[in-house]
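These are the structures in question, set out in turn.
In what follows, subunit A forms one complex with subunit B and a second complex with subunit C.
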Partner chain A sequence: MPIMTVIYALLLYGAAAVFGLGVSYRVLTYARTPAPLKIPTMPAPVTRTGVVFRVAREVALFESLFKSSKWTWIFAVMFHLGLLLEVVRHLRYFIQPIWFWTVLVQPFGVYGGVVMVVGLLGLLGRRVLIARVRYISQPSDYLMLLLLLGIGLSGLAIKFLDHTDIVSFKAFVLGLLYFDWQPLPDSPLLLAHLSMVAALLIAFPFSKLLHAPGVFFSPTRNQVDDARERRHLAPWAAQLEGAGDEV
Partner chain B sequence: MSTSIDLKAATRTFLAQTEGHLATYLEGCVHCGACADACHFYTASGDPRHTPAYKLFPIAKAHRNHKFPFGWFGFARPIGERDLREWEELLFDTCTMCGRCTMICPMGIDIAAIVAGARRAFVAAGLGPADLLAAADSSRDHGSPLGVTADKLRDRIAWIADDNDVTIPLDQAKADVLLTLSSVETMKYPQSVAAMAKLLNHAGVSWTLSTKGYEATNFGYLAGKGAIAKTMVERVVAAAESVGAKTVVIPECGHAYGVMRWSAAAMLGRPLPFQVLHISEFLAHLMREGKLQLTPFDEPITYHDPCQVSRRGGATADAREVLGGFARGFREMTPTGDENWCCGGGGGVQAIGRAANLRYQVFKLKMDQVEKSGAKTMVSACSNCRLTMDESKAHWQWPGGIDSLVEIVADHLVEAPRKTQ
Partner chain C sequence: MAKVEFKVPAVGEYLEIPDLQPGVMAKSAPFKAAPRHQQALGFPGELVENWEERAVAKLGELLSKYRSLRVHLDACVKCGSCADKCHYFLGTGDPKNMPVARQDLLRSIYRRHFTLAGKLFPRLVGARDLDPSVLEEWYSYFHQCSQCRRCSVFCPYGIDTAEISMAAREILDEIGVGQKYCNEILGKVHTIGNNLGLPAPALANTLEGLEEDVKEDTGVDVRFPLDVQGAEVLLIPPSADFFAEPHIDGLIGYAKVFHQAGISWTLSSYASEAANFALFIGNYEQMRKVALRIRKAAIDLKVKRIVVGECGHAWRVAYSFWNTLAGPFDFLDPRYPVPQHIIEFTHDLIERGAIKLDREANDHMRVTFHDSCNVARATRMGARPGGQFVLPREVIKASCNHFFDMAPETIGEKTFCCGGGGGLLTDELLELRVKGALPRMQALREVQQEHGVTHMAAICAICKSQFSKVLPYYEFPMETIVSVHQLVSNAIQLGTNS
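Up next, the complex of A and B:
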């Protein structure tokens, strides 16, 4: 077994573990810390179903961002949509036989990569060129953009400049899944691509990338407008009240 | 102000807050900066430090340093004195906690709530604008931020009743409605107090003021002093319980409504034994019941939405319903309702002397809105908005009129003679 295969197999296992455990821990924390008050931004839906639609619009269409800044919205949608296409497209390395809809997106997936990189360049350009955004940007803001750009560009380079043997790469990935390791194709671009993906997975639970699961837990968006009909009582507040009654 | 800063107390208070739901917010912010355009302070000043997301950096820093491995390995620095000194001004002077930024935040982050939390940490560290903190202490010690003690209230009410020829019940044994007052009204806009009395009497409401609990404003909340905030709530609840009030009416004061309507039960630790209505809501109720007879009013007027009543209170429609009943010249400004611009003085900023110039800059947005609407007078349902705007109006020598909802309604009661302007 080539040493690179061993190193990357361990790296990817480690990254997946950090990502899986880290994000689960964060999501559990979010789910267990209910908002102390009813604070939906108005106008808010008055039914649970309405709230599902509201959150769906936020997640799928970035409704609030659209209201606030069209340019940021365009770049954000390009990046996230491109990334989504790429993730779906990359499923072909993980499943055998490949689902038909995964086959269906393959030709669009290539554009997905380009769109994603353009979106990222837009977001990076905005961060660098607009003085007020530059002022509030921290190193991690740039780092995440550069990491994602690196992943996108190395992926495109593998596709268009230095094609990797994707059949043996798929064998490597399936080998990881079934604990039956297969050699990793020897391609510097692929190694770079995988290293950055691993770095992104490891950074995910400790960075602003947490906005992905976090947006679902935003009380200003996921609450029903029924504060006048029923009193909102967070579990911890209910406990306090119980204690108060006994005194 | 003391020169020693208690960093440990600040950090402890920061972290106590992020144990709760605030962590979700702090971890979810992507620093996109979209909130800047929604903030009246940024829009007026163009200073990137006024970007709402930037105001959250110290509390986010404390959170990262203690909860994330960057901190454990020494990559994330703990908050220092410099952080606190720089952000004291940003958190107290440049945020009215109006919540406009949350409307457009892609992550729906309730920035106003985090600012309120961060203020508590600054106060724990011994920081915070002296005048705002003094207003909170005065509320605890004298009953009101402007030193309106129970005795002074009695004098003042007697004078207002006499001067305006109106009956103002004080300390009645029983009443359905307990009216509270903002000391801004008691001391600076006594006509508002008289107007509310006229309206309640006209509608035949059983109501009273109480020396046990009369102050609606809650500077404990605004200054980040939790114990004082709770005391202020307890006084009003005690007063309401002693007269058996089913309804507590909050006067023209935005944050008073927000605190009593939405946060008070959590501070008190039990459900409120009465319903809380803002005076604009209460007037809308009376109007629906046909208890207000008003003469038409044709002057072009518009309505300034107090943030804690409309955007964060949910009573956006009520004042419009009341005005719609008689003000034929009513028109909206743009943006309006839940998206209306802030007066620049909410969240305690009005009480901070050094923030005056910033407030004047913010008022330019309002002048522009009113002028474009074609209205001659802007009506508000918050005496704090009114005071802020009156001061800014004087600074710019702006010719537009600023009036209060209750006064303009009381002036058009059928039986009352019209006030000559």
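Up next, the complex of A and C:
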């Protein structure tokens, strides 16, 4: 087994574990922390179903961002939609035989990569050019965009310049999944691409990428407007009841 | 009173996003609470010795109690959508008044102490240690947020800077650095029952005087009952309604509505305050204590319904939190929502034809409506979402012939705060208040020029006081601001139905 294969196999296992455990831990923390008061940003839906649609619109359409800034919205949609298409496209490395709908996505996937990179450049441009956004940016905010750009550009380079041996790469990936390691194709671009993906996975649970799970847990978006109809009481708040009350 | 030296922002053709002017508002800070104000609420009298430790511990406690805080501190991607949405930023240009930058004042400490990235690479993720300069910044800029939630409307994750500034103020109280205005007032509510510190005999006197005034004005015996057992409705108004202009005209309006509808009602001398300032300092226990006073008054007076007067943050606490804090209200008449807003109450009477209004009585006015931030973004009226925008407008339109809305991006859910909410309605913050009113003044100027609007109605005691104070700085007459029930009061036909 070539040494690179061993190193990358271990790196990817490690990254996947950090990602999986880290995000699960974070999500569990969110789920376990009570929301003691009703604080939906009004007007809010008055039913659970309405709330499901509200959160779905935030996730799928970036509704609030659209209200706020059309340019940011355009770049954000380009980046995220591009990323989503790419992720779906990459599924072909993980499944055998390939599902029918992942085949359909393949041709769009290529555009996905380009659209994602353009979106990222737009977001980076905003961050550098607009004084307000520059003011609130930390080094990690730039690094995150650069990392994603690096992933996107190296991916496109593999596709258009390098033509890595896809068949043996798929064998490597399936090998990882079934604990039957196969050699990793020897391409510097591919190694760079994979290293950056691993870095992204590792950074995910410790960074602002937590906005992805976070959007589902934000009380201002996921609460029903029914405060008058239903009494809402957190466990720690319930403990205050009766203790020293005059009523 | 000597005017504070500052430049009133120019009202231009349209609202411009200002250039960043770092530090221009760094000196703005409210007076600190005296030890006795602090101790009356169970907070340390002055800055405690190990304050860094206590502050971090309190932050940890709040993180485990409030999901909003935990998620909102984690989720921000620094997209900047909220940056130009805050009236205090728009009015001052101080970048720390951009909502995300305000959050970062606390987030930087959160990251340092509660996240791996901030512990390992503080510089990379903007984490920092607590030191006296951070404390000073907190005290200054967390008292430049009126907790109006406008930023939360535009944030893709609904991150609510109000939640963050409430948490920050709670930490400040915990380490002994409270704000005088809020904490002194809370002491008065706990002991006397209202923010003014108006004792029962003085209140009775005021109400008697009002009865005489209305009698003189209209010839009708409109009552202002106090502590009447067995009344149908307990009315909880903001205490400003008892003395300030134009608030008091609103109170007269409520009384005429009750009179004309023939529904018995009463005020309570034990709980004569709708406003709950504990909201501003983010303190659940204090907020609960104030709310329980109202529950007790309702039980003692054996009323069937509770109606809340024109007060913005008060309606937030009443609508969204009372059931949680002081519920269940199963001793009241289940046919009515608990609590009800006076606008809902009057609106219902108008719809049923139970009161008659003569619009022409207000023909000398051309009216617009200021959606109060907390009514707009933290409550509802009526059965449908958005009723908080519709019902007050319908009541106004039933009371006057000339109504004009301000620009759509400045009303409804996108309404601008008056500039004085969230516990900032105090004289030492006048510069902030005047500058923070800029977006609203801009929108008002537009309807004044386009439609000849002469008056702006509001349903919040803070809005009314704030506008009375700042309108003259923008060369509007102080009397521009009116109560919605003042319009009703002018238009209502007393004695037309028996």
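The definition used in the following text is that the second predicted complex is superposed on the first by the 239 of 247 C-alpha atoms of A that agree within 3 Å, B and C clash if a C-alpha of one lies under 4 Å from a C-alpha of the other, contacts with A are read in each partner's own complex, and residues count from 1 in each chain.
The criterion applied here is as follows: a contact is a pair of C-beta atoms (placed from the backbone, for glycine too) under 8 Å apart; a residue touches a chain by one contact, two chains touch by 3 or more.
Since we're looking at a predicted model, the values are computed, not measured.
Novice: Does the subunit A-based superposition show subunit B and subunit C clashing or fitting?
Specialist: Clash - subunit B and subunit C, as placed by superposing on subunit A, overlap.
Novice: Quick one: classify A:A35 as touching subunit B (first), subunit C (second), both or neither.
Specialist: Touch status of A:A35: both partners.
Novice: Under the stated touch criterion, which partner chain does A:V46 make contact with: subunit B (first), subunit C (second), both, or neither?
Specialist: It touches subunit C, and subunit B stays clear.
Novice: A:G122 in the overlay: touching subunit B, subunit C, both, or neither? Say first, second, both or neither.
Specialist: Neither partner.
Novice: First (subunit B), second (subunit C), both or neither: which does A:Q138 touch?
Specialist: Both partners.
Novice: Starting from the residues of subunit A touching subunit B, keep only those that also touch subunit C in the other complex, and list them.
Specialist: Subunit A residues touching both partners: 26, 29-30, 33-39, 41-43, 58, 62, 64-65, 67-69, 72, 76, 130-133, 135-138, 141, 206, 208, 210-211, 214-215, 217-221, 225, 227-228, 231, 237, 240, 245.
Novice: For subunit B, which residues count as touching subunit A in their complex?
Specialist: Interface residues on the subunit B side: 19-21, 23-25, 27-38, 42, 46, 48-49, 51, 53-54, 68-70, 99, 102-110, 113, 262-263, 265-266, 269-271, 311, 314, 316, 338.
Novice: Touching residues of subunit A toward subunit B in the complex: what are they?
Specialist: The contact residues of subunit A facing subunit B are 26, 29-30, 33-39, 41-43, 58, 62, 64-65, 67-69, 72, 76, 130-138, 141, 206, 208, 210-211, 214-215, 217-221, 225, 227-228, 231, 237, 240-241, 244-245.
Novice: Considering the complex alone, what residue numbers of subunit A touch subunit C?
Specialist: Touch residues, subunit A against subunit C: 26, 29-30, 33-39, 41-46, 58, 62, 64-65, 67-69, 72, 76, 126, 130-133, 135-141, 143, 206-208, 210-211, 214-215, 217-221, 225, 227-228, 230-234, 236-237, 240, 245-247.
Novice: Help me check something: in the complex, which residues belonging to subunit C touch subunit A?
Specialist: Of all residues in subunit C, those touching subunit A are 17, 19-20, 63-68, 70-72, 74-85, 95, 98, 100-101, 104, 115-117, 121, 123-126, 149, 152-160, 163, 284-285, 288, 292, 295-296, 299, 319-321, 323-324, 326-328, 337-339, 376-380, 384-386, 388-389, 413-414.
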